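Next come two complexes, and both contain subunit A; in the first it sits with subunit B, in the second with subunit C.
Right after this comes the complex of A and B.
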C-alpha cells in the first residue's frame, strides 16, 4: 500500500515546521486536516514521500479581530469558523459557504488553509474569500509575505506558494452592516458533493439602488473568478428584474467552464445564470440575508 | 516506515506500531481488531467509518494515525455503559433502523455526536447531523425515527 512508504513529521511549533520545510522543500507536503491528502494517498496519486503534519501546532488555529478585518489561522477547522461569533457577526458569507462544505465529519477535520492549499476551482470556501478581499499570509524561515486572494491561485491545484513556504493566515474583510449576501452551490447531493457551479455575492443597496455588487463564481473556470463586468454594470442601477437578468447573463458569459463527469460546460453556463438570477431575485423581494453585526446567532 | 502511537480507544489507553500515514480506519480494523468501523468509500463520502475523535465525529478513513497521538477515539463498542446499550443503540434496534447493517455504526456515531452537542435538535438539524452518512438499503425513515425517539425521550 502507498501509505507504507510515507514518512510523517509532526512538529509541535510553527518554527519547527518552517525549519523542516526549508530543509525538505518540494520533497514534503504539508497536511492540515488531511481530507484531500488521504484520498490522494489512497488513490496513489500523492507524489511526495514525506508529509508535514500540522495538527499539533496550536498557534496556527485562531480567529481574531484586527480593525476592519478578521484574521483566521490557516489550520482553523471549518467547525470552529462556523461557530465563531466574530465571523458570524462580521463576515457571515463565509459561514454560509462553510455550512455547505462536506458533512459534519469533513467540517470537523478540514481547515480553511487546507482548502486554499488544495486550490481546487470547486473549493467552496474560496468564492466568499474572493469577495471578502482576502489576503493569504505565506511564511517561511525568517520572512513572510501577504498575497491578495486573486493573485494566489495560478490554476487548478496550482498556487504561488513556494515549496519552503507555509500558508499561515487568511485575513478577511468585515462586511458592511446592512449589506446583503448569498452563497449558492449546485451539487449532486446536499452533503459531500463537489460543486458543479457555485456563486457568492455581497450586494449593498441604498433605496433599492446598487451601491456595489461583488460577485464570484466557483467551478466554472480554472480558478475561482470575479464577475467583474457584471459588478460594474450593477453599480448605481436600480435593482429590478431587468438588471438581475443582465447581471446573471454577464456573469454566465464570464465563465470558462469545462465538461466533466459532473456536468457539461453548457449546463454550467446556464446554471450560473440560474443560481445568480434566483438569489438576486430573492434579495429584491425582501428574502435576502443581511449582515447585522449581531452576536446572538451562532450555529 | 513505522511509528509508535498511543491514544485512548473507548476509554482505554492503547499503543500501536503502524506506518505513520496509515489511516485510523485501517489501524482500528487491522491492528486493533475493531471491526465496527466499516470501510466503504475510503474517501470521506459514505460515513461508514465514522468515529468520535476527541468527541467530534470524523471519518476515520481520512485521519492519519499520526494525527491521533494522545487523543480519544470512541467507536460504537464504546457507547454501552455497564453492559447496557446506549439509548441510541436501543432505539436503532427497536425501530429496526437497519437493513444490511453496514452503515449502522457510522449512523449511530453521527447521531451520538449530534445529541451530545445538541440534545434537542430540530428535524433540520437531525438531517444535517447525519448528512455525511449514506444508507444504500434506504433505511433512512427508520434511522430518522430511531434518532427522533431518543430526542423525544430526552426532550419531554
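Right after this comes the complex of A and C.
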C-alpha cells in the first residue's frame, strides 16, 4: 500500500512552530524524527493530514548543564545523547537505555522528545527518565509549563500535552556519584526488538546498606511505572539475596501486564521478577555499573 | 571453520567470490521490482477482509469511474481457467464463490497513477456472508467442522506401511508415544512478491517477476489466459530471496492478466503487509509418533499420524506431505512402520514450499524421539544413531538401496568430539547441548525430471551458459559457472551466465528441492560434452586429421605441436553456418516407481548432516541463547566451500528463528497477527551463534563432479537439536516449537 498523502511543514524556528501549532492544533501532528510516525503513515492509522516537522529547529536540539540537572532539547537525537559527555558523566543510565533502542539507524533519527510524544509503555528511554525525576517542558504560544514525568503520561499513546503545546525540553537529574544503576530490557532478539519487559534502577549503597532505590518498569502497565513499594521496602536495608527477592517480588506484584504476541501477562510478571533479581544480584556481587563523574567515556 | 580438502581440481572446491556479488554489494543491481517501465500502469489488489465466507457480489462500477483507472478485474474477466497451483490448480486467481482466507484476492485494479488506483480500491465493494472460521488442524478435524471445500477439510490422506507394527511393538523393550507440533513460518525474504509485465512488439506477453520456476510459471499463466505458452516469456531473475515462497505463483498471473487486458505495461508489487497476509508460509504440523526399540536401542517400529496445515488451498501441499512421510523414518533401519499422513485445510492463508519442504516438521518429531529414547535407555545419543543408521548398500525403509551413507557415519563419529556443554556465562545461566541428524532427498524423488541446459561458445572468447534455475541469492550462478569452467578448463572470467529466462534458457526446471546444482549442473556438463565432441570434429577438420588423434586441455585442442582454441573452432563453425550453441537434457536417475501410497517417495540421492547445538538458558527469564552450533555435512563434493558454508549458516539461523521466536499467528477472525518485520521478528546477525561448518569428504557418482545439493540440509534438524539442548539445560523436554521464553519458565 502506498503512503497516504500528507502536508509537511518544516518551520525553522520554535516561534514559527508554535505559531503554526496554535492555528492548526489537533489538525497537525508534531514529528520529531518520525521513526514511529512513518510506520503509522504506512499503516494508514494517522488521523492528522498535516505534519509539523521539528527536525530543522536548532533551538530544540541541545544538551546543557543547569546546576544539579541536565537539560535536553526535545528534538535531540538519540545518537547525540549517546555521544554527550555531560550525560555520560552525570546520568549514564539514560545512555544505557538509549543504546538498546532499535538499531543505529533508529538512533540516528529518533529523538527523546519523540519517544515521550509517542508515549508507548514500551518506550525504552522512558523508564530511566522516571527515576531521574525528569520534568517535561511543554510550550505554547506565549506560555510554558513543566510537568513531572509521572504526571505526563495518561495511558498508552496518551499524554497531558494539549494540542497547541509542543514538548520542548526534558530536564533530568544528575545521578549521585557512586550510585549503582542498570537498565535491562528483554526482547525476542538482540536489536530492533520491542521490549517485553524493561526495568531501570538507581541504587545508592553505603556499607552495603540501601540508602535509596529508585526502580521503574516498562511494558508491564498502561504507562511506565515506578515500583514505589519496592523502593520503600529497600530503604535502609542490607542488600542481600533475601532483600533482592522481596524487592523483585514486590515490583512484579505492582505490574498490570497484558497478553499479546510478544508475551503472556503471567510471563511478564515472572520476567519482571527475573530481570530485577538478576540485575540487583549482579550489583550485590560487585559487577554492577556505577556512576563515576568523569569525561573519558563518550562512545 | 571450513575444512577444505586438498583438491585436484582447478575451478571447483574453491571459494571463488560470487560472480554477481559486485552489483549486489554496491547496491546497483536492479531487481525486477525496481524496474520502471515507461507508460506503465500501477496495479493493486483488492483483498477479502473476511477469512471464510460466501461471496454474494463484488461491485466495481464506482471504482471504474475513477479518473485514470484502466481496468478493474474480477473473476468474470478471466479468459480461461480460474485456478493455479503447482500440484493441483485449485487456487482461484480471483475468488468467485467463496473466500477461504483473510486477504484472498477478489479484484485487481490498474490505473495511470497510484492515487487513482488507491482511490478505486476504496470504491470496490464486496458483499460477503461470513462463515465460521477454522483456525487449526484440530478444529478442521472436528466432526461438525465448517467445510472449507465441498470435499471437506482433508486435502489428501494416505497410509504408507511396512511390516507388522503391532507385533514389533509388543515385543519391544521400550515404547514411547509423543505429540510434536511446529509453527507456520514466514519466508520473510527481503524483496516482497512483485514485478512487471508488458506485451512486446512481437506480441509476446513478458512477465518479469520474482520466482523460482520460470517454465512452470509460464504454463500456469497460459492456462489462465488461454493463450499458448510460446506467446509468454517469464523472467525470474534477479530475485531477492525466495526460500520456497516464490516457487508457486504469486503475482505472475495477476500481472499477466492486467497487461493482457489493458495492453499496457503494468507494475505490481506487494507491500510487506500484503506479503504477510497473502504470501505463502510453511505448513504448521502436528505429529503423533509412537516408536519402539530394543533395550540396546535398535529401533523396532515407528507409527506416525502426520497432520500438516495446508491453509485454505493446496499449493505444494501434496508433495510436502510426501517429504514429511519420507522424513519421519529418519535415516534409520526401521523394519516395521505405519504412517498415516493427512494434509488438512484451514483458513490460515496458504501454506506452500519452504526450505526443507515437510522435512523440518517430521525431523523435529523423529529426532526428538531419538533423543528421548537415548535418554530413557541411558544410551549416548550419538551411539543410538550409529546403531540405527542405514549403511551403504542396505535396503532402506522405502525399499531403496542406500547410497553413500558412509558420510553420515563419519559425521556422527566426528560429532563425538564436538558434543559437550559450554561453561555458563553467569550465575543464572544453565547450559545444554543437543544433537540431531538431517536427511533430505535431492530433487523430486520418483517424479520424472528431465532438466535441459545449454552452452554457447562465443568466438569472441566467452562461454555462455544457459539454464532456467533461478539464482535468488543461493549462488547457483557461480556454482554452475565453476562446474563448466572445470569441465572445459577455461578461466571463470570467460564464463557468462544467462539464466532463469524462458527467452534464452532451456527448461532446466526451477530452483527448489536442493536440486539446482545436481540437475542444472548435470545438464550443463552434458551440454559441455556435446560441445566438446562437436568442436573436436571441427578442430580435426582444421588440422586435416582424425578427431581421435586430438587431445584437449585448457580450452584448446592439440594436434602434435599445434593447437587451436575452442573460440577459434567456434569461429570456423560460425563461418560454416553452424550453430555454436549446444543443448542437452539430463535424465535424472530415479527409482521407477513410488512406494505405494506416495507420490514421489523415495529419492535416490540424499544429503546428510549432523548438528550439535550448544545453548544457554536464563533460568529466571526463560530466554534461550544459542551460543555455538556445529554442522557436519555430507553434501557430496563441494563445488564452492564458502557458498556452501553460507547456505548452511543461513539455514541454521533461519532454523533458529523457527525453533525459538518465529510463529505466524491468526486471530479469532482468521486475520494474521504478524505480517511485517515489527510483528514477525526474524533473527538478525547479532543473534547468530558461533557457527562451525565442516564437510565430510564425499563424492556422489551420479552428481556433477560428485556434488549433491546443500540448500535445505541445515535448516531441517535445528528444531530437534535446540529442543534437546534446552532439555539438557533445564531438565524438561518441550514438544512444541517455537521455544518462546514463556514456554520455558
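By our rule, the second predicted complex is superposed on the first by the 295 of 299 C-alpha atoms of A that agree within 3 Å, B and C clash if a C-alpha of one lies under 4 Å from a C-alpha of the other, contacts with A are read in each partner's own complex, and residues count from 1 in each chain.
Just so it is clear, a residue touches a chain if its C-beta (ideal position, glycine included) is under 8 Å from a C-beta of that chain, and two chains touch if they have at least 3 such contacts.
Predicted, not measured: the structure shown is a model, and the values here were computed from it.
In the superposed model, A:281 lies in contact with subunit C only, and not with subunit B. Look at A:39: by the touch rule set out above, it reaches both subunit B and subunit C. Shared-chain residue A:51: touches subunit B; no touch with subunit C. When the two complexes are overlaid on their common chain A, residue A:257 makes contact with neither subunit B nor subunit C. In the superposition on chain A, A:273 makes contact with subunit C only, not with subunit B.
When the two structures are aligned on the shared chain, A:79 is found in touch with subunit B, with no touch to subunit C.
In the superposition on chain A, A:192 contacts both subunit B and subunit C. In the three-chain superposition model, subunit A touches both subunit B and subunit C at residues 5, 39, 190-192.
Note for the complex: subunit A touches subunit B at residues 3-8, 10, 31, 33-35, 38-39, 41-42, 51, 53, 55-56, 79, 102-106, 108-109, 190-192.
Subunit C makes touch with subunit A in their complex at residues 44, 114-115, 118, 271, 273-274, 426-428, 618, 620-623, 661, 665, 673-674, 677-679, 681, 683-684, 686-687, 740-742, 745.
Across the interface of their complex, subunit A is touched by residues 1, 3, 19-23, 42-45, 47, 50, 53, 56-59, 61-64, 66-67, 69, 110, 113-114, 128-129, 131-133 of subunit B.
On the subunit A side of its complex with subunit C, the touching residues are 1-2, 5, 39, 43, 186, 188-194, 196, 261, 263-264, 266-267, 270-271, 273-275, 277-278, 281, 285.
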